[in-house]
C-alpha cells in the first residue's frame, strides 16, 4: 500500500498539503488536539512553549493579510520565531529560481514553510523538494486546496453539532473555482458526514463532484431543506466578468443566503463562511450577523486548528531530535 | 454623572483615545508609571514580562514608520507579541468593511489595537465597536488628537521642570491643524499648568482656543517672554501650498525658533518638538541641537510613556482575568 | 599607533564595518566563536539567550530579502528583539535627515544597526555618528565591503580545508565592482592564506589589486591550476549593458565555472559562491549542485558567523553595563 506523501515513515503527519488521502484517524487527531489549544486563547498568557526555538517561514507568493495573520499568530502563540517572506516582491527578483530559494532557506535551518500560491500544486511541489527536516503547510494553492480552512470548518461543526454521521451539510456557491469547497468536501467525507450536498448554478458546479458522493442541487431552496449546516462560499467577483454569472444581483436572488431561504434548513442549523464575506452578494447581513451565524467562531477556531497542525508536524521532529541526542 | 468612555466600570483606563475628559489623577498615574519604565531602557535586559502572551496589533491606516516603531518597541519591551497590519495596502483590498476586519481580529483574540488614521474620530469609532476584552490606543487621528505624544511631552516637562502649576508654557506654530497641539493643550490644562500660551499666525490659530483658558499671541517675541517651556510644532509643508502661509522663508522669520527669539524665554527654559523636525523652517539647527533642546529626551520618554499606557489598559484585563479563574 | 575605529578603547570589536584594518586575532576570534554557534542550529531549540532584551534594527536603504533574513534569524536566535526599517520607502519621506533618523533610533535605546546601503562608506559614516552604546554592522555598502560575507567564506574554508597558510585560493569574476571580492581578499590576506589569486577579464580586474599581494590571471584555466578553493562571484547582469562585457554567453565560455575547468583545480578543491547564483552565467549547474560545491554550507555558516559577530559587539556592552551597575 502506497503511503501518503504527507506522512513520514512512522505514519505521522509531516506535511499538511491536502486532506485528500489522509485517514479519519489523522483528521480526528487534528480536531482533538485543536480542542486543547482552543482554551489557550482565553488564558491571560496566550502562549505555550511547544515550538520554542523553531523557525517558521510564511512563504507567500500571493498576498493575503488575513491568512498570513492567522498563521503568524498561531506560530507566535506556540513560541516559534516567525519570518514573513513575500516572494512575489522579493526573493526571485534577483533571478533566483524557486528551488534555489528553498535550498537557501533550508540551509538557514528553517523548520516549516507555510505556503500560499496562486497555482494549484505549488505547496506539494515544494514539499516534494524540501529537506527531510522541513514541514510544509498549504495555506491555499490556486483552485486546488485550502486544507486548514476545511479543518477549522470541521472543528466548528463538531464543536457545535456533535457527531458528523448524524449531520446533513450543504456547501453553497462557486464550487468549480473554490479550493475551500474542494477541501471541505474531502474533509467532511473522510470524517463520515451523514449527507453532503452542494448547491450552485450549473456553470459553477463541476460534473465530477458527484463522484465524491455528493448530492448536487441547482435550486437552493430544495438543497437547503432540513440541513444542519450551511457552508457559504465567497464569490470571487472576478468571475462576474466572465461567462459564468449573469450579475451580482441575480446571483444574490438565486444563491444568496437570506433569512427566508435559511428557514428551509433545520431551525438549529448553523451558517459558516470562510470570509471575507461579500455582504449582499452571497450572504445577507441579517444572516451573517444573525444568531445562526458562526462565522467569527470559525476565525477563533482557525488559530487553534493551525496551532494543532503546526505542533503535530513539528512535534514529530522534536521527538526524533530528542531521541537522537 | 456620565462616565468617560475611555474608562471601564471600575473607573480604570480601558482605552486611551484622547486626554480630553480624563481627570488629573489618571494622567498623573500615567506619568508616575512611566517613571518606573524609564529605568528599564538603561538596563542590560530592556524587557519586563508584564504583557507576555498578549497580542498587540498596530493597525495603521496611515503609514508612519516612526510612530509604529515606538509602539512596536514599547510592546516588545513589555514582552507582548506584535503584529503590524497596514490596512491601507491590505485588509480592505478584498472589499471587506472596517467593522468586519475588526470582528475578525477580535475573534483571533487580539488584546489591543494601536490605531493610526488620517480621519478624526477613527480611533474612537473603533473603540466604540470593539469587544469588551479589547483596548484601543489612539496613535494619531486626523487633526483630532495624538494623546500619547501629549503625555510624553508632559512627562518630559515634569521630569525637567517639576510641578506644572509653577510653569509658563508656550505652544508655537500651526495650532489649527495640529492634533499634537490639541492634545497638549488639554493635557497641560488638566495637569494644572500655571499659564498656557499659544503663538502663531492668525490664519493658524483657531478662535475657539481661548475658550480653553489659553493666552493667544501672534507676536512670537511677546509670547515667549519669560516662559519655562517652549513647545514647537512641526509645520506641515502641504499647508504652504494653501492660503494659510506666505512662504517658508517668511514663516521662519516670524515663527521659527532661533537663539535670538529663545533668549526672550527664561534662561533655563527647555525646548520641545514632536519630530520629525524641519530644520530652518520652524526651528533653527542651533536651537534644535543646542543645550536647551530636549527633543531626543522626548523620544526616549516616548517609549516609557507608551509602555505605561499599554500596561495600564491591559494590566486592567490581566487582573480581571485572574479574578475570573 | 592609531586604533582602528571598529575597536573600542579596550581593543574589543565595537563595530564590524570592514575586515580591512582588523588583526588576525580578531578575525580568528570571530571564526572560533562562530564554531560554537554552528551547533545551535541543529538543536531542537535553536536559541541562546545572549542578546535577550537587546534591540537590533535592520536599517536597509537597499532592499535585500536574503541578507535581511540571515541577520533577522541570527538576531532572533540570540533572543534579541528585531525591527526591520526600510529607509528607502519610509523614514526620510517626511524630509528628515539621515542623522536625525539615527538620533531618534538611538534615543529609543536601540543597541545595534545592521546597515545595507548602495553607497560605499555608508555604514562607516553611520558608525562615526552613533552614540557610544550603539554598534553598527555593515551588511553591504556600495562596492566597498561586505565583511560578514567574507567571514562566512573564511569560516567555510577553514571548516573544510583547515589551516589557511597551506591553501591556494582563487577568486573568479567581476573583481572591479564586487564588495564581496574586496572583503574576501582582505580577510584571506589577514588570515594568512598561502596564495591568493584573482581571475577575470581585464575590464573587471582593477590594477590596484596587485598591491594586495594577489596574483592576477586573465586565463581561467591557468588561474585554477592546483587551487584548493574556488570562490565564484555573482555576475551583476547590469554590467552586461555597459562596455565591460561582450555577452553572457561569451562570459560563460571564458569565466563560467564548468566541470571541465574545475578539473584544473586540485581534486579535493571546494567551490564557493555568495549567492544568489546565476546558473549558466558564472557557474554551470553541474558544478553548483555537484559534490565539490559548498554553497549551501556557506548559507548555514552565515547564520553562525553573524551570531558570532553580533554577540561579540554587543557582548562587549553587556559586560560594561554590568560593571556599571
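Here the chain labels run A, B and C in written order, and each chain numbers its own residues starting at 1.
What we mean here is this: a residue touches a chain if its C-beta (ideal position, glycine included) is under 8 Å from a C-beta of that chain, and two chains touch if they have at least 3 such contacts.
It should be emphasised that the depicted structure is a prediction, and the values quoted were computed from it without experimental measurement.
> Starting at chain A, how many touch steps does it take at minimum to reach chain C?
Minimum number of steps from chain A to chain C: 1.
> When chain B meets its copy chain C, do both sides use mostly the same residue numbers (more than half shared) or mostly different ones?
Looking at both copies, the contact residues mostly diverge.
> Measuring from the mean C-alpha position of chain B to the mean C-alpha position of chain C, what distance in angstrom results?
41
> Return the residues of chain C touching two or more other chains; collapse runs of consecutive numbers into ranges.
Expected reply: no residues.
> Give the list of chain C residues in touch with chain A in this complex.
Per the touch definition, chain C meets chain A at residues 41-47, 63, 65-66, 69-70, 72-73, 76-77, 237, 275-279, 296-297, 299-300, 302-303.
> Could you list, by residue number, the parts of chain C that touch chain B in their complex?
Where chain C meets chain B, its residues are 52-55, 81, 83, 85, 90-91, 94-97, 100-101, 103-109, 317-318, 321-322, 325.
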